[in-house]
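When the chains are written out, they are named A, B and C in that same order, and each has its own residue count from 1.
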Amino acid sequence: MSAATLPPAGSVLGALKLLAERPSAMFGLAVIASLVVVALLAPWIAPYAADDFTEGVLEPPSWAHLFGIDQIGRDLFSRVILGTRISLRIGLLAVGISLAFGVTLGVLAGYFGGWVDAAIMRVMDVVMALPYVLLAVLIATALGPSLENGIIAIGIVRIPRFARVARAATLATVELPYVEAARCIGASHPRIIAKEILPNILGPLIVYGTLSLGDAILAAAVLSFLGLGAQPPTPEWGALLYEAQKYLTTAAYLSLFPGLFVFVTVLSFNLLGDGLRDMLDPKSRR
Amino acid sequence: MSAATSRPTVEARNLSVRFRARGEAAWPWSKAGEVKAVENVSIAVPRGEMFGVAGESGCGKSTLARALLNLVAPSAGEVRIDGRAVAGMPALELRSSIQMVFQDPYNSLNPRRRVGDIVAESLVVHGRFDDRERAHRTLTMLEKVGLGAQHLERFPHEFSGGQRQRIAIARALILEPQFLVLDEPTSALDVSVQAMVLELIRQLRRDLDLGCIFISHDLNLLGFLTDRLAVMYLGRIVEMGPTKEIFAAPAHPYTVELIAATPSPYEEGREPRQPIEGEIPSNVNPPPGCPFHTRCRKRIGPICDSRLPELRWHEGRAVRCHLYDGPPAESGGAP
Amino acid sequence: MRRVLRTLWIRLFNSALVIAVLSVVVFGFMRMIPGDPILALMGTEGITDAKLAEVKKELGLDRPLYVQYLSWAWHVLQGDFGRSIQNNEPVLPMLLERLKVTAELAVAATILGSSLGILIGVVSAVRRNTIFDSASMIGALSGVSMPVFWLGIILIVGFSVKLDIFPTGGLVSHNTRLVAVTGFPLLDSLITGQRAATVDILKHMVLPTVTLAFAPAALVARTTRASVLEVINEDYVNAGLARGLSFAGVVARHVMRNALIPVVTIIGLEIGVYLGGSIVTESVFSYPGLGRYMMQGIMANDYPVVQGAIILYAAIIVVVNLVVDLSYSAIDPRVRS
């Protein structure tokens, strides 16, 4: 019964106010908001296009080229800025996949229980038996290395986790009298799930989804870095790092900036997610 | 069925409900104990009657309520409404003839839906009327329970317990059922609010000619409210008959103790005077013989621990006790 | 006792089931991979269809999929993981050799990560809401958010390229000769008394170990802090203080024992994080462990190697989780019921 519940509906403003009490969460939110703005305006912010060649090769950071120039003469700042859009999109799409399938499976397992539950959760256990980097590597390999397949791999890997969160929240909700009341007036299973269960398990899902956005972006960078995700010359952050790896001794700045962006993005989603969780579940507050 | 009931009636015939004692769903084939929640219960409640079910928590009265609405499937026996078996009835038809009000008004309303939607939901699910007519009927129903148009757009958390129970009653009655099951509808409310909700229920029962099954552990309340009464213990009916007569001269030793343990309404808030001795036995492994023999002060001998007494007629009511040896009363119809 | 045995059997059966299903999945995935391993092996130049078919037949790749699977699974059960498509050597001995390298790295990282995490967690909890607490918890969250490979890169740039304290990667320097006894490089160098080799191996291990230990240390620190805070307010702590024990004494004697149960569980369950992290870490540091071997297998479409590596990973994780679960219920009697 300790499932986090959202504050009563219709109070997004109230939620923001509660969140404002947590500076670290607000910091995360602010960074994420700026990243979103950067992603939306990327083509206008970046001084060069992703594959524009400028003067010079492997130039360290300067005022003209804030993050330096890479091994074939491209402006790294522009590529990192353009990569923001790619990385955020990866996060959203991958988490979208996990959310869609994970919540469906988890809610069905929690709602119907019995053998449906046993069957679904056994499969989830199998998927969870592998470390998720390993599984993502495996799926991305099987599908063939590309940005899209990387997204699918990362999406699939997190399905069981979302299923668990959704199942736990559903189990806590399905026993509540208003669900029985809905059965009592004759509502069908799909209607009960849509109208009674889903709106009431949103809290934990939002928390977990926020934390997952950071993880998905991180995992995408790992895949690209291993050569299994986005392929150069795509300016995805992990792919930038993959390219920069060969120049560690001569041009470390090429590795520094894309990695910093991954780190700050993931950190911000974690800060926001932690803040949301504390806000929704006062018991975890310390 | 019987001649005594020419009016539409909801009846349970030899109804039993058993659950598997639930654990984790890890092993579908693993054995678990069985909870015998309701054992061989027969009642018949005609339209217009206020029928009470009394008993301590865990006696199966809530399960009986749910079985009457087919919210839990019976393990044996059946429920009939107006002579028709509930089990085979189309869901929506069943739902429009019998409805229920739940115990906990704080959890029986979805916190994320507006009151207007909660009440209208019944009509939407049943596909009755168009939007305008639904809105009209929702408002009329809310007014009947003492709420108004200003409440339509609010969320449940903005209401007091008593108001929420009114909303729950409106949700149940908007389908115009013949029967209403009330599962401890006032036990979560303050005493002052209780009285108003009870008065509302009485008045609605009269106006709508409802057959009500009122479930409660509070004998005072049942004594004041109901026409007939069934007392349950460990899933079985131990005494059933007109409320006034049972109160005047309780026959079953359990009923006697239950009434003795109830504080009189004039000494409000005081502890029960004589709590019943002993623990309620588990309904996974109920004691053999008469289920009450482990706590009974009037045991007459080994027969009590070995043979389950039948329900027998005794002074105008049915009693399940070896003290009495009237004719069998298993039919369960009104005496 | 019978109950415990029964639980044990059920868990074992469950674990076996997980691995069995996983083996099917892995086998299927490997066959989905675009690209032909034979072509990857021999090159596309000057190869006739007839020759291709012959090689396929030789490797058993011409049979129906399920026959291939069953035959593979049957052999795996007997300890035969097949032969590498790349160099035709038996897979299992090579996997085990690489696993030993990874194991030393993972053990070192576990020791470092757990002790550091517990230390930071306990001190943070005891000095709750001090600057140390805030700083270490921000640090811990950063640790969880830090891309492992980026951390590795930063460490290489700082400690290898700029300061030149540690080597950039590899297991040992080119001029170091290793004598194999057990197959565990560090252990072997200690057994045979090659001090120079020991020092060389340790130097190569430092950066990968720190990289690998960072995220788990952060998680352990967070768990320890929460768990100590949970326990620290309980009655027996106050009772201990009332009996005149010093605060540090109470923390050491009572708080730690009770608070560490969930921490131990987390450390046990972290094995997946270590193994997953080792794939990335070994890639960054060119460390010749199981993860890097598997990645090389993936790049070469070497089915038997990849299948074997994944089954091995899964088996290790399942077994460790089982042991953690069972020992957990042995430590804490409340879980047994």
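Operating definition for what follows: contacts are C-beta pairs under 8 Å (C-beta built on N, C-alpha and C of every residue); 3 or more make two chains touch, one makes a residue touch a chain.
Every value quoted in this text rests on a predicted model; they were computed, and no experiment measured them.
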Shortest walk length in steps over touching chains, subunit A through to subunit B: 1
Highest C-beta pair count, chain pair: A-C
Centre-most chain [mean C-alpha coordinates]: A
Rounded Å distance between subunit A and subunit B, as computed from the means of their C-alpha atoms: 49
Subunit A and subunit C: spacing of chain centres that average the CA atoms, whole Å: 24
Distance between the centres, which are taken as Cα means, of subunit C and subunit B, whole angstrom: 58
Residue numbers of subunit B (touch at least two other chains): 27
For the subunit C and subunit A complex, residues of the former touching the latter: 14, 17-19, 21-22, 25-26, 29-30, 32-34, 128, 138, 141-142, 144-150, 153-154, 156-157, 161, 168, 226, 229, 272-273, 275-277, 279-280, 283, 295, 298-299, 306, 310, 313-314, 317-318
In the complex with subunit C, residue positions of subunit A that touch it: 24, 122-123, 125-126, 129-134, 137-139, 141-144, 214, 218, 221-222, 225-228, 241, 245, 248-249, 252, 255-256, 259, 262-263, 266-267, 270-271, 274, 286
Subunit A-facing residues of subunit B, complex: 25-28, 66, 69, 71, 91-92, 94-96, 99-100, 102-104, 107-113, 121-122, 125-126, 155, 157, 168, 171-172, 175
Residues of subunit A defined as touching subunit B within the complex: 5-6, 8-10, 113-115, 117-118, 121, 176-178, 180-188, 191, 195-196, 199-200
